[in-house]
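The chains carry the letters A, B, C and D, assigned in the order they are written, with residues numbered from 1 in each.
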Amino acid sequence: MMMQRFSASVMVAIAVLVSAACGGGGTSGSGSNVTFAAPVSQTGAFGQAEGLYTLQGYKFCVQTLNSKGGISFGGQSHKVNLVTEDDQSVAATSAQIVDQFNDQGDKLILSPYGSAGTTAVAPVVERNNQVMVDSNGADTAIFSHGYKSIFAVLSPSSSYVTSIIDALSALNPAPKTVAIIAASDGFSQHAAEQGVAEAKTKGITVVPSATAYTSSTKVTANTTDVSSALIAIKGTNPDVIIISAHLNEAVAAVKQSSELGVKPKDGFAATVAPPTPAFISALGKSSEGVFGSTQWVPEISASDSVFGSAHEFLTNFTNTYGWSSEQYPYQAADAAAGCEALALAIEKAGSADPAAVRTALVGLKADTFYGHIEFDSTGMNTAKPMYVIQIQKSAFVTIYPSNLATKQAIWPAVA
Amino acid sequence: MADILRGRARSRQGLFVGWIRALTPANSWPALAGLLVFAAMLALQQLIEPGTQRLLTSVFLFVALAQAWNIIGGYTGYASFGQVAFFGLGAYTVAVLMNNYHVSFWAALPLAVLVGVVFAVAIGLPLLRLRGHYFAIATLGAAEGAREVINNLTSVTGGGGGITIPTFGSDAPTPYFGKPGFYLAFLVLAAVSVVVAAVLARSRFGYAMVAVHEDEDAAGAVGINTTVVKVVAFGVSAAIVACAGAFYAFQQIEFYPTDVFDASFTVLMVIMVMIGGSGSVVGPLAGAVGLQLLSQFLRVNLGNFNQLIFGAIIVLVVVFFPQGVVTYLRDAWRTRHFSILDNVRRYRL
Amino acid sequence: MIAPSEVPSVPVLEVRHLAKRFGGLWALRDVSFSVSEGEILGVIGPNGAGKSTLVNLITGHARPTTGQVLIGGQDVTGQRPWVIAHDRVARTFQIVKPFRGLTVRENVAIGAMHGNERDRSVRDSLATADELLDLVGIAKHANAAPMQLSVADARRLELAKALATRPRLLLIDEVMAGLRHHEIESAVELIHRLRDAGITVVAVEHVMKAIVSVSDRILVLHHGSILTLGSPREVLSDPRVIEAYLGHRYVKRRSE
Amino acid sequence: MSQFLQAAAYGVVQGGLLGLVAVGFSLVWGVMNVVNFSHGALAVTGAYVAWVLNVRFGLDPFLAIPVVAIALFAFGYVVQRGLINLVINAPIFLTLLLTFGLNLVILNGLQLLFKADDRTIDTSYASQSFAIGAVNVPYGRLAACFLALGITVALALLMSRTRLGHAIGATGMDRGAARLMGIRARHIYAVTFGIAAALAGVAGTMIATVGSFNPTTTPGQLTLDAFVISVLGGLGNMYGALVGGLVLGIAESLGGLLLTGTWVNAIAMAVLIVTLIIRPSGLIGKALYSGRVEV
């Protein structure tokens, strides 16, 4: 009987604990401030890496906006207040956090890092009548559901491999064959799919077969062993190996191809990994000559009143966060641009009301340090091109489009 | 004397009547307290803000998961490290049926549970012959394997690109529950899992599970069909977990194989049961509530350091309360002996 | 109650050419015997003679390499332990196997819940357990944890657990080992009471004196084979038994 | 055919490396009945030690091995003595829980110290390879494979020929008896865990040299690999880890070639489960201490 009383006491104690926890729920009064809310990855796979770069971009944007007096509408200046919460690099948690933001009255959302998180967040935003500017989720699948409140400043996944194909085919001599290794995640698969189509239009043959990216050269997302894909490629002697994947897989592909004697005649290209400092530090000399597609390069002739020119953005950002101007995370530029687009839409709407902001975003046409921002009916920014860089002497060198190229591409890229 | 050795029917009432008669003011306390807590949680929903509702919803989810793990891992003594397989299968059954075939959630839910149970029986029959760490690893392998199968059945499940349950407009087979709806759904799920665990624990079957846990040879010798007990316990546990997975899928709308087959779900179930105290009903309950509130509190308030601190707290709890916090408190209550230092010495080398 | 003299035609237990090999070692080799209803059969033999293996083979805790086990004329060779238990065969373990997480009362109640002619509710089984604990003489420990029991009481608990399944054939594996003189006497008396209640008993024992006084027949195992099988008097006077087993052992015991 | 040979060759050298990852894990499991969830985290800790030595002082990773081993041994000794020994007599899953918490602490600590970026130790030779016909054999993995072989033999000799080894073996089989023989179980356990941690660190160093590592995904993958390999090889069996590693390495390599997409992962799990059902004591006969594991 004593034990039963004990069990009962435990239950009551639990109830009290729960009630106490409920009292502690956070509230956020925004006053005349405007609040931007973002789930960010501070721990887990993206924490202290891409998640951190995204956060730095958001912070830099908000600081810059506020230093210029904030956003002005309704005849007043409104400072921007950035609210973030760690999603532990778990997509489901990102979604929960955004839902929680809604409960706190935070309707203006900036995306978490990556396609997975953004895809999970999008339906929540849509349901809650929040509005989200997406700066780091490029998977075209996000835009195939007919969402009305998701706007992406970055180019979609479809252009990651296609831009590489375009850049390669502009080189002399253009490659005749490429092999495409693709990770199993949605973003990488969609990017590879479009790349194969583009290669066909440019007359480039994809080896070992056009659909290999779905079978023999498909690798587990985030793996550090892509040997099976490389062995499948070995013997087909491609001119270039393109890796449609993230950092782990790209680093593994470059290292293991040397181990396996798989030597593409002209070199390597990869989607997301090369334009990140981590790629260079991970591969050292082996990163030399690798091509990579990127959302933004400082060479573009674009500027705005908040950040100044693209070059000024780079200088100020890298100074603030201690990056080198030759190796910087482009994710931060994406993030800052997303944050800026939201601010511009508020200014245009003359209100921070989410419905008004959404309407303003639909018709937004803005030239920024990031390039032209304009959304199509699905919410994608198709006006902005992708760029291609090559790693030369451990620095990002823009080589495509050719009018922005600061140096000649080293071609063939391998000795 | 001859009577007792030959056996005789002792009572003529049906099982249920016997049960009710057996209730006394003393032993019905936990049931009453549980009912009270359930009512309080129902009432609380009207008082709290939505953010807290969601927090509690996740607490309810883990209460159900912890109770489910405790049935197979705590009572029966087979520490499954593959419970997340049932969660993922439940989630994907619902998502595939709703997305590909426009089946309503309520029709998909029992099928999700069925898929979970069938998988549990299929892997349980061969694997429940393994003991200790071997069973743990085999089930871990089964869960990893299940995820890879879902990952590769791209045409049905969307593979690594994830799957979306339609919840908008005419596309939606079942209207979205919304926050209050899911609060209620997970509260009921948690309550059902607690009741199932409590009823099982006090039944003949409950004693059979404990007997299997302690010694299978001895259990067989007193007439317990150990295979049936193990498979049924595994199946009941899987049913609860698959049901939780189904609700979770609908709540999330959009998810990936890596989300719903995430081994950390299993690990959390185990930790919650162990930290609360296994083989009782209140242990996992307290473990789930305490740990989920703690981890969410840390995540929101500690930023970069939250997982580090969470890990350190687990280490400290294991060292100071190796038998589980609730079990420690219960024994301390019983013996009036509260020394934590003695407790640390308990399992020391 | 059936009088012991009325021997039914079908033996309660029959073992035919039973053999068990562990690796290269025959633990039991070509063992055949049968036990009639109401009989008490003593099984003796030195350590490693195969006594516990014999019990394990009968109750399904091990599979025979060759040979058959028949319960009431039915072939149950290789059946699982719970099937045998539901054929009304109960056993105790030489190394006691209590359910440690439960009280002594609950340990016994489990047999009443899952054995034969089960009680209808957990409560009834607990009541049954109390009566059985009283019968074996450990009622005062009903609420104790089994690990707190003395060696003798732990063996009594084993017996109560087995009886709770309501067997007609009871195999007891060394319940008297380590008991003191007066404890052995009460155990012998208990076995007689069980037989009077209609339970057939196969008692595996080390303790010679006790087994001789209680058994109708005695089977002597040596190196896995039957050395002899007969009435206590015959067995005690068999020179091979004295030579191979008793002589050596008796002398030793006497000198203590 | 040449693809097949290439995959097989790569599988062999990769398998040796995997064996190196698992051997310490298997030792701890076999001797102490502790499933060390933080094994992968210890390996990655070793990788960071070697990486720092390489980046700061230009030390070649193969020359860094003694430093890594000593550092990790000390860390492992302290962890066992100060933490795991405190709950060693508790139900088996408690130690797993403890090492899970430890794992979280270590890998989040590493993440805060070093960021989550992938790292490699860049050498001029590790990623190079020599060709035999159409088959390329990488120097780095080959060296790691030989290192694994050497360490396995050394460990087996340690266990069979030295007082320390006998003490570890005796403690693993029967702690009570070992204590009666004057063996200090606390110390022996700590030494055992220290050795395992050192081996993990060496394996991590090799992974950093031939591949890449990060504090978020690498530890979990390595722990899972170690799990699978230990089961395949048989617990506490020194050569078993090497054999298990080779089996896994070759199976993954050939499986990757024959199966499309990521089915190979599912197949690996199926092989694991079938092995467990058919031969719970591992592929190569009886494990040294299997009796202790059947709880």
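Definition applied: a contact is a pair of C-beta atoms (placed from the backbone, for glycine too) under 8 Å apart; a residue touches a chain by one contact, two chains touch by 3 or more.
No experiment lies behind these values; they were computed from the predicted model shown.
*Asks:* Chains touching chain B and chain C alike, please list them.
*Replies:* Expected: no chain.
*Asks:* By mean C-alpha position, what chain is farthest away from chain A?
*Replies:* Looking at centroid distances, C is the chain farthest away.
*Asks:* By C-alpha centroid distance to the whole-protein centroid, which chain wins?
*Replies:* Given all protein C-alpha atoms shown, the central chain works out to be B.
*Asks:* Which pair wins on C-beta contacts, A-D or A-B?
*Replies:* Here the pair linked by more C-beta pairs in contact is A-B.
*Asks:* In whole angstrom, how far does the Cα centroid of chain A sit from the Cα centroid of chain B?
*Replies:* 37
*Asks:* Where the centres are mean C-alpha positions, what is the separation of chain A from chain C, in Å?
*Replies:* Distance between chain centres, rounded to whole Å: 74 Å.
*Asks:* Averaging only over C-alpha atoms, locate the centres of chain B and chain D and give their separation in whole Å.
*Replies:* From the centre of chain B to the centre of chain D is 32 Å.
*Asks:* Which chain A residues sit where two or more other chains touch them?
*Replies:* 43-44, 47-48, 184, 214
*Asks:* For chain B, write out the residues touching at least two other chains, lowest number first.
*Replies:* Correct list: 151, 304, 307.
*Asks:* Can you name every pair of chains that touch?
*Replies:* Touching chain pairs, listed by label, are A-B, A-D, B-C, B-D.
*Asks:* Can you list the chain B residues touching chain C in their complex?
*Replies:* Per the touch definition, chain B meets chain C at residues 1-2, 4-11, 13, 15, 18-19, 22, 202-204, 207-208, 210-211, 213-215, 217-227, 279.
*Asks:* Of all residues in chain A, which touch chain D in the complex?
*Replies:* Interface residues on chain A, with respect to chain D: 43-49, 52, 89, 184, 214-216, 218-220, 222, 224-225, 227-229, 231-232, 234-235, 247-248, 251-252, 255-256, 258-261, 277-278, 281-286.
*Asks:* Spell out the residues on chain C that touch chain B in their complex, using ranges where they run on.
*Replies:* Against chain B, chain C makes touches at 1, 59-61, 80-82, 85-86, 90-91, 93, 97-102, 106, 109-125, 127-128, 131-132, 135, 161-166, 193-194, 197-199.
*Asks:* Would you pull the chain B residues touching chain D in the complex into a rising list?
*Replies:* 73, 79, 123, 126-127, 129-134, 136-138, 140-142, 144-145, 148-149, 151-152, 267, 270-271, 274-275, 304-305, 307-308, 310-315, 318-319, 322-323, 344, 346-349
*Asks:* Would you mind writing out the residues of chain A in touch with chain B in their complex?
*Replies:* Interface residues on the chain A side: 1-15, 17-19, 21-22, 24-27, 42-44, 47-48, 85-86, 88, 90-92, 95-96, 99-100, 102-104, 116, 119-120, 122-124, 126-127, 139, 141, 145-146, 183-186, 189-190, 214, 221.
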